[in-house]
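Two complexes, one shared chain (chain A), two partners (chain B, chain C).
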Partner chain A sequence: MDIDDILAEVTQAASPQETRDLQELTRAWVAERVAPEILPYPDALMERVLERIRKQIELVEEQTGNMDPKTNFRLIVIQTELERFKFLVRSFLRARITKIDKHPLHISQNSLSYLSQSESRYLTAHQTLLSSHYQSSFLSQFPTSLHRLDDTTGGISMVDAPDADTAVFCRALNDVGVVNVEGTDRAFEINRGDCWVVRWSVIRDSVLAGDVELI
Partner chain B sequence: MELVTVIPRQRLEGLNLLGGPTPALTPPHRATLPLWLALLLKRQRRANISPPPWLHPTSLSAILTFETDHAGAAFSPPPRLPPGTTSSPPFLPSSTVDAAADALPYHWLELGEILLEAAPDDFEDPDAVRRLMRDLRECRMAKLRAGVEVLEAGGGFKMNGIGGMEVSEGRAFIGGVIDGLRKIGASREQQRRDKEREERENGYTATAGDDYDDDEMDM
Partner chain C sequence: MYGELGNKLVQHAKRTQSLAHLPPYQTEMVRAVTREVRDLDKDVSAILEPFAGSFDPSTDAPTACALIVNHMCMKRNKRCLLAYHRVRSDKLEEMCWRGIDVLERQQQQSGKNGAEGSASLGAEVGNTSSLSPEEEEYVRQYSDLLAAYKGQWTDIDLTGSLEPPRDLFIDVRVLKDAGEIQTEYGAITLTKNSQFYVRQGDVERLIAQGYLQRLC
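Let's turn to the complex of A and B:
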């Protein structure tokens, strides 16, 4: 352990859990908006954040009647921040719902475990509604062999999947080492602090491990 | 949560906010606050904001000289990362009065514009800062545009020192060019990928990959 590690431990301890959660949420939000596919739902983080928001709302409700100008100003600050936080949470969840709506079948087949409970409920309910609507409006008049919505025979898959090779901007939080882009000659070394434009598929695992963040 | 340094004009006790507690404000001691809170206090004339050292005309012109004369096609390097942490902008204290004077942080453009807009009276010479900011922006945009020529399908372009606004501006175009080139060369790449895989696994070919490839060519 050298001096840098000791310093790091001190700074890590110095920033409170709330600030670290905000950073994590911000990162998750940016990543979710940039990544082509849906990412794992940060269960524990969201639980902590939502609990804090709930408590803060209670606090605001309790103190709204107070006419003391000092408390009043404090309340304005608290409410402003509350709105900022709510925006972050909302935008994060919306980005996820957009992806769920875009690739419902792909997600239900491959990454159902990435969804939160309410998200997977939404996905199932929405899909059920949609397929029963298709069934009643036109599918029932087709031959039975054409009824399926997730047919993969005949060389073309009906399941829309996100394009995992989409180019994304990212920043390395730790040294990643040399990465290869499969199918091309490109190989390069990613070091801590570097910003790169790369294919999502190349850095996907590093992002999930927390060594790289999307920007 | 970009942090800035303020000089309070009024007392304000510490608050327990969702993003962590804020320090108690006692004039004339400087304090570090989140940007949004500093702006709120500034607007109500409860505090002054001390601009970060890199927003000083001398630093900006030094960075501009470096950017035009020495950095070549690359951007000037970002501030040195503090050792050990995995924090990243906007959670690094890159815009407080203790920040480095010789490098532009990730959100330099946004922060500079916001501070010039909200607190021009806290700058010694806001017009000079504004002018230098514009020069820097034009110089860097020219680099970003010139960089488009090297783009190709494989991706993997190092962009150290790029700013947040520049990422957002370039994302659609740079991403679009790389993805477009990749789709054009998709079948060649797929062949090569299959060959490599075949060599590696001795005679195994993936059919799923072929379907995917056909799909793309139909578009």
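Let's turn to the complex of A and C:
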């Protein structure tokens, strides 16, 4: 343990839950926008954030009648913060929806547990909608052997998967150790505080474990 | 024959991607490609018929080749059709997210184009509306789905702006009369060419719909 670790512990303990939540949300938002794959839905965090947004809205509604310039100014600050929080949540959810729409079959086959309840409901409903649209537009007149939408035979898979080899920028939050880039003979060591541009597939597990953040 | 029409369809889809509006649905072409698939399927069964289920590709290479070509063409046509419809439905979804009422706009257009008859009649004729009846149904259902998903996030407007907010209040100019709106600071009557300093969250919808213009 060196001085950095001690300092980190001190700052972690000193910052209240709210600040850490904001940090976490920002981190999740950046990661979701950068990573090619969908990431686990932060259930507890989202609940806390939404709860706080609701409380702030209530507070603002209660205080609006107040003409005292001091509270009025405070209110403006709160509202600005509220708008920013809302933006973060909105952008985060929209980034997820975009991914869900882009690789629906891949996600429903591989990472369904990463979705929140409402997201998986959206995914299934959207898929049923799409396939019935195809069905009524042209597929019903096809020979039955060609009806499937997730056919993987014949050399071409119909399931579109995200490209796990996309390069991403990342920063190490903890020491990860030596990692190997699959398919090449490159190996390098990731230390705390390092910034790297690597393939997503290489650091995927470290990101999910929270040792590496995407930037 | 053999995928030529499918290619045209894909070119259409490619062009659609870079257009702001949705070009008319190619009913004829879609039908022709589907017909081609059915014909190919008939061909396949005709070729296979004399063998009565005991076809061995290694003994009869030419027939096997013909079968493969037919089969690949069917698959390719299916891919083309799927791609074409997907591009269009993506576009429609995007419009739903941006809060554009696709169906209403369609009716307006068809009302304008079809000189005689009502708007609904113009849509029925088909060549004036750029959506197929199936697509119209799809849009209707997708909007419902979207509304249902959005409804779970009561405090956050998911279809709102994806630009990071900078200021709480902004200057706007009214482009079209929008009537009276309620804000926390009382009601404002939006008359054309007037300017206001309002809270961004209150007027975001109106900006998206083109009633207001943001001044920098």
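Just so we're on the same page, the second predicted complex is superposed on the first by the 206 of 215 C-alpha atoms of A that agree within 3 Å, B and C clash if a C-alpha of one lies under 4 Å from a C-alpha of the other, contacts with A are read in each partner's own complex, and residues count from 1 in each chain.
Throughout what follows, a contact is a pair of C-beta atoms (placed from the backbone, for glycine too) under 8 Å apart; a residue touches a chain by one contact, two chains touch by 3 or more.
Small disclaimer: the values here were computed from a predicted structure and weren't measured.
Colleague: In the superposed arrangement, does chain B or chain C reach more residues of chain A?
Modeller: In the superposed model, B touches more residues of chain A.
Colleague: Counting only touches as set out at the top, which of chain B and chain C does A:32 meet: first, second, both, neither?
Modeller: A:32 sits against neither chain B nor chain C.
Colleague: Considering only the touch criterion stated at the top, classify A:133 as touching first (chain B), second (chain C), both, or neither.
Modeller: In the superposed model, A:133 contacts chain C only, not chain B.
Colleague: Is A:52 touching the first partner chain B, the second partner chain C, both, or neither of them?
Modeller: First partner only, chain B.
Colleague: For A:80 in the superposed arrangement: first (chain B), second (chain C), both or neither?
Modeller: A:80 sits against chain B and chain C alike.
Colleague: Classify the contacts of A:90 with the two partner chains as first (chain B alone), second (chain C alone), both, or neither.
Modeller: In the superposed model, A:90 contacts chain C only, not chain B.
Colleague: Just checking: does A:171 make contact with chain B only, chain C only, both, or neither of them? Give me first, second, both or neither.
Modeller: The first partner, chain B, only.
Colleague: Applying the touch criterion given at the start, work out whether A:18 contacts chain B, chain C, both or neither, answering first, second, both or neither.
Modeller: Touch status of A:18: first partner only.
Colleague: What is the contact status of A:192 with respect to chain B (first) and chain C (second): first, second, both, or neither?
Modeller: After superposing on A, A:192 lies in contact with chain B but is clear of chain C.
Colleague: Touching chain B and also chain C: which chain A residues?
Modeller: Touching chain B in the first complex and chain C in the second, residues 53, 76, 80, 84, 156 of chain A appear in both lists.
Colleague: Give every residue of chain B touching chain A within the complex, in rising order.
Modeller: 1, 12-13, 15, 17-21, 36-37, 40, 78, 81-88, 90-91, 153-162, 164, 167, 171, 174-175, 178-179, 182, 189-190, 192-193, 196, 211-212, 214-215
Colleague: Of all residues in chain A, which touch chain B in the complex?
Modeller: Per the touch definition, chain A meets chain B at residues 4-5, 7-9, 11-12, 15-16, 18-19, 22-23, 26-27, 49, 52-53, 56, 73-74, 76-78, 80-82, 84-85, 152, 155-157, 163, 165-169, 171, 173-174, 179, 181-186, 188, 192-199, 202, 210, 213, 215.
Colleague: Write out the stretch or stretches of chain C touching chain A in their complex.
Modeller: Of all residues in chain C, those touching chain A are 30, 33-34, 37-38, 41, 71-72, 74-75, 78-79, 81-82, 85-86, 89-90, 93, 132, 134-135, 137-138, 141-142, 145, 148-149, 152-153, 155-158, 160-162, 164-165, 167-168, 184-185, 199-201.
Colleague: With touch defined as at the start, can you tell me which chain A residues reach chain C in the complex?
Modeller: Residues in contact with chain C: 50, 53-54, 57, 60-61, 64, 76, 79-80, 83-84, 86-87, 89-91, 93-94, 97, 101, 118, 121-122, 125-126, 129-130, 133-134, 136-139, 141-143, 146, 149, 154, 156.
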